[in-house]
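Same chain, two partners: chain A is paired with chain B first, then with chain C.
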Partner chain A sequence: MPDIVVCIKQSIDIEQLKFDPSTRAPILAGAPKKMGEMDKRAVEEALRIKGRMGGSVIALTIGGAEVEDVMRRAYAMGVDEGYLVTGPELGSLDSSTKIKVLTAAIKKMPHFDLVLCGAASSDFFSWQVGPGLAALLGVPVITSAKKLDIQGDELVVECDLEKGTYTLKTKMPAVVTTTLDINEPRVPSLMAVLGASKKKAKVLTLEEIKMAPAKPLVQVSSIYMPEVKRKKVIFDCSEAAKLEEAMNRLIDALRKEEVME
Partner chain B sequence: MRYVRKKSWNKGMNKNILIFSEDLGLLPELISGAREVASKLGGEVLAAVIGSKVEGETKEISKYGIKVLVVDNAALEPFDAGRYGEVLQQLTVNYSAELIMIGATTRGRDVAASLAAKLGIGCVTEVFRIDLEPEMTFYRSMYATAIAKEIITSSPKVIAVKPKTWARPETREGGKIEKVNVKVEPSRIVQVSVKPKEVIAEKIEDAEVAVIGGKGVEKKEDLEILRHLATALGGKGGKVGVTRPLAADYKWMSEWVGMSGVAIKPKLYVGVGISGQPQHIVGIRDSKIVVVINKDPKAPLFEVADYGIVGNLYEVLPLLTEKCKK
Partner chain C sequence: MDYSFTKDEELFRETVKEFCQKNIAPVWVEIDKKRQIPADLYKKMGEQGLFAIPVSAEYGGPGGNMVLASIAIEEIAYADPSVAVAVYALLCNGWPMLLQTYGTEAAKKEILPHVAKGEGFFGIATTESHTGSDLASHKVTAAKDGKGWVLNGEKMYISGVGETSQLPWGGGFWATARTGTMQEGHRALTAYALLGKKDGKMLAGYEPTVLEEIGRGGLTTGGFTLKNYRMDDKYRCGEVNQGFYLTMEGFNLARTVVAAACIGAARWGLDQAADWFKQRKSFGRYISNFEGVSFKFAELYAKLEAAKYFVYKTAWLADKVYMEKDPRFNPRDLNIPASMAKMYGPEVATEIFRETMKWYGAYAYSTECPLYRAYLGCFSYEIGAEGAQNIMRYIIARDVVGQEYVRW
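Moving on to the complex of A and B:
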């Protein structure tokens, strides 16, 4: 009966993120957020393992006040318990520091066999948390899992890498990171969502996990949308009569651009 | 055989550049990048080749005129990111590395994160450009389509660099090979099986003209309609690809175009029935000319189009193909 800790992140919803047209900087204030797509699959996988084998599922996240939303979502999906490391500056930590904080929080927990997390967050895509956690916890890591089985005290993991599909085994405790391909995460029912709003996560402060706020190891000096100038010549051919003319103009244009044979 | 001595860490004195790639094919381009950085830092470029029975591979690397550190140890088979991180940790300290540059394959990123965590230093992954002035700045993608410029405040620093960031260097004289003995516990991973990726005859990243299908394409057989257009527009250089849902979910192809798949930069990109998720757009951003065909005028892909056709792809494509042939 494995005890599983799932690390989740409230990510910026990049499909809704807007950029300032003049400065080309992201408009982060009030940008919609949601649980990372790969993180959702980590929660789903943990719940499926619990469904098959028993055990427990704890969700863990760090950040400012806004992270309560992501914890409610995890409760609605069905996790047993939530741990929240909060502090005013925790929202903008670099990966290296986040990994330290998550490790300290996991070490506060009574026991774990498996730590699951999304292979990458849906906004930063650093791919660092899983292997970083494993290094600090002193356990093995298998990343980019698309299938996960537990046999006795061993994990059997299938993962897609650049050169092929690998089936790997390792003994628990271990860290596994999940990709989009591992499962289709459940959508919680309205009842589950309402029920989750009553659940309270355990809050850990930096003092409780014996971490002092430190200078960031990585500083973001700027974020911007690269300028790609496109011509945006649009032909409306929703009426079939316009199609012929539009095709002729398009082919003329492509010949002038010298991009077709 | 040289044994690594424990050495006290001279803060601020590190200036060498250590490069590593689990995929040895990426090492030459890392050598090019490391030399650029070394011209500023003034240190030496050292390439680490780590694994079991890897000694044979080292000559190939040393012919680029650099010192290769070989850590050949049966304990390092199969690949275990944590163990590789421990090896690089020792090399970083003992060879006074200021910057550790790692090829950003999946496993490379894992090693980078593991190394950074063990040393308690800053790490930036997915780096595709480095500025050296006024201070060392790493460029990487952020929010899928945007770019972040980042500075690592720690010394040393770890980065994972995207393939094709630099060109391969010319070979030159002066290469050295140094065997290094490192203390490392055996790998904790057991490799049960590996199924190599099938070699794809039609490599979409090599296309001159790339016609890419999205969810607007109703069935797999209809990709033939795209193929006719690709051939009419680009001849042999005209190729067909798909977006992530069509490959990962419907299994119509084994690879897809986009952030998690293949990034392409053809002369001409034609997006057919693609709404335009940010993750797709980032994979086609460097195309010379972008043509978008979609019946939904609100499809976000039109925002990045040079030429757009609002219309039904099943009417547009056959007619366009026909006219191209004339």
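Moving on to the complex of A and C:
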């Protein structure tokens, strides 16, 4: 019966994110936020494991005032307990600081067998939190899982890495990061939403987890939308005789752009 | 004053939107073409808690309120702008709430859990073939029959007749019938929870017919004949001869969610327009550069926002009256807000679709373009489903100016 900690984040909803057309910078102030898509899969996977094997699911998040919203969603999905590490200084942290804070919070918990995280957040996509957590917790990590099974005290994880799909095994405790392919997360019902509001997460301060606000290792100097320049290349296949040549030229061009091998 | 939604309401909108975009949006055109809502969708929506939202857990409902119901209906209609699914859902929210308020304990416990689960329908049946709005002239009769009632006559243009017959449990309607003389007009109508089918069996004396409509194809409309239809007194709602007044309260609730459906569909329509502006060029520039287009778009956006305010103000007030029993308000306070919402919402929606179709040009006149499906769906409410538009105007004028100056 594994005890699972799921790290979740209230991410900027990039589908609704607007950009300043003159600077191409995202308009972050007041941007709508919601639980990251890979995080939802991590919660769903934890709940499915609990459904099969029992145990417990604890959701953990850090950040400013908005983190209560992401915890509300986690409760509506069905997690047993929620832990918030919150404070105004935690509103915008770099990945390294987040990893340190999350590690300190997990160490405050009585026991864990498995830590699940989305492989990357839905907004900044650093892909660092899962591996960083494993390093600081001193446990193995398997990243980008698309299938997860527990056999005894061993994790069997199918994951997409670089140029192939691998099946990897490790003993618990461990950290696993989830991709979008691992499952289809549940959408909480109205009853679950209303029930979630009655649950209150445990709030941890930096003092309680013995963390001093750390200096970020990464400074974000600017963020902007990449400019998409269309090349507007036309391959003439207006006549049947030109079709084969046009196709060959198209394939060459795509290879040159490294779109296909 | 606080114009913001609560955290529960925000999360509910987020989840309903996800559910609807996954389960309804990909199939809404198919639903309209095949004239059938998929059988498993009712069950999924029931599990999601999208029916009988204001009904308490005691009667199998999710224990929500009218604001949550309005949010659900708006998002359902955004995903199915033909509004067929939204109309099914709005009927199964507004009228179950009235049954919860005025039905007998036995009727509530028998009917409402099935509606909440999506295995039974509960809508409204007042209209008769000779008139809809003029309830005082309705002819269907209910006569005392021992401890129960026997009903005779015909109801027409009733939404959900086919679904009542098709759903596994069955369902029925909040219906009115005459329990006095014609001369007594609206003072001699009694309300009933009239079932056409229950426990999977059609009931004797209830004979439904289905009509083919021009829009909102996924939902059936038709009528039913009552031939010595017998029912127990437990299905009577409220006191004898009070049916007109209770039904008017129900219309206030239903009109709120009708308007919610229209603003959901209309929001989809304006999104289609905005997307179109980003690709359609004429005379070397995007068509939204023409003031004739962008100024109209801005007007419609403002009208849609106003329509939203009507909906959510009315839903908020309905919750004060019925859910919170706030002594500052009573059911009559909903007459003007609900009428404004119902008057305005459908008219704004159809105007948005007419204009958007013009911006789309010839493509919008082909059946390839789905905009006309949304237009026809919302037009049902401009024609007068759930209350004729001019009746809304009468209600507003009578309540504001005074009944002696604005007579029926």
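Here, the second predicted complex is superposed on the first by the 225 of 261 C-alpha atoms of A that agree within 3 Å, B and C clash if a C-alpha of one lies under 4 Å from a C-alpha of the other, contacts with A are read in each partner's own complex, and residues count from 1 in each chain.
The rule we apply is simple: a contact is a pair of C-beta atoms (placed from the backbone, for glycine too) under 8 Å apart; a residue touches a chain by one contact, two chains touch by 3 or more.
Here the structure is a predicted model, which is why all the values come from computation and not from measurement.
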{"item": "Chain B versus chain C as contact partner of A:I142, first or second or both or neither", "value": "first"}
{"item": "Dominant contact partner of chain A by residue count, chain C or chain B", "value": "B"}
{"item": "Which superposed partner A:R72 touches (first chain B, second chain C, both, neither)", "value": "second"}
{"item": "Chain B versus chain C as contact partner of A:K34, first or second or both or neither", "value": "second"}
{"item": "Which of chain B and chain C A:Y166 touches, first, second, both or neither", "value": "first"}
{"item": "Which of chain B and chain C A:S22 touches, first, second, both or neither", "value": "neither"}
{"item": "Chain B versus chain C as contact partner of A:A240, first or second or both or neither", "value": "first"}
{"item": "Contacts of A:L194 with chain B and chain C, given as first, second, both or neither", "value": "second"}
{"item": "Footprint of chain A on chain C - complex, ascending", "value": "7-8, 10-12, 14-16, 18-19, 22, 47-50, 53, 62-64, 68, 72"}
{"item": "Residue ranges of chain A touching chain C (in the complex, touch as defined)", "value": "34, 68-69, 72-73, 76, 187-191, 193-194, 196-197"}
{"item": "Complex contact set, residues of chain A against chain B", "value": "12, 14-15, 17, 19, 26, 94-96, 99-100, 123-136, 139-144, 156, 159, 161-171, 180-181, 215-226, 228, 230-238, 240, 243-244, 246-248, 250-251, 253-254, 257, 259-261"}
{"item": "Of chain B, residues touching chain A in the complex", "value": "23, 78, 80-82, 85, 105-107, 109-118, 120-126, 137, 141-154, 188-197, 209, 233-235, 248, 259-260, 267-268, 277-278, 285, 288-291, 295, 297, 302-311, 315-316, 319-320, 323-324"}
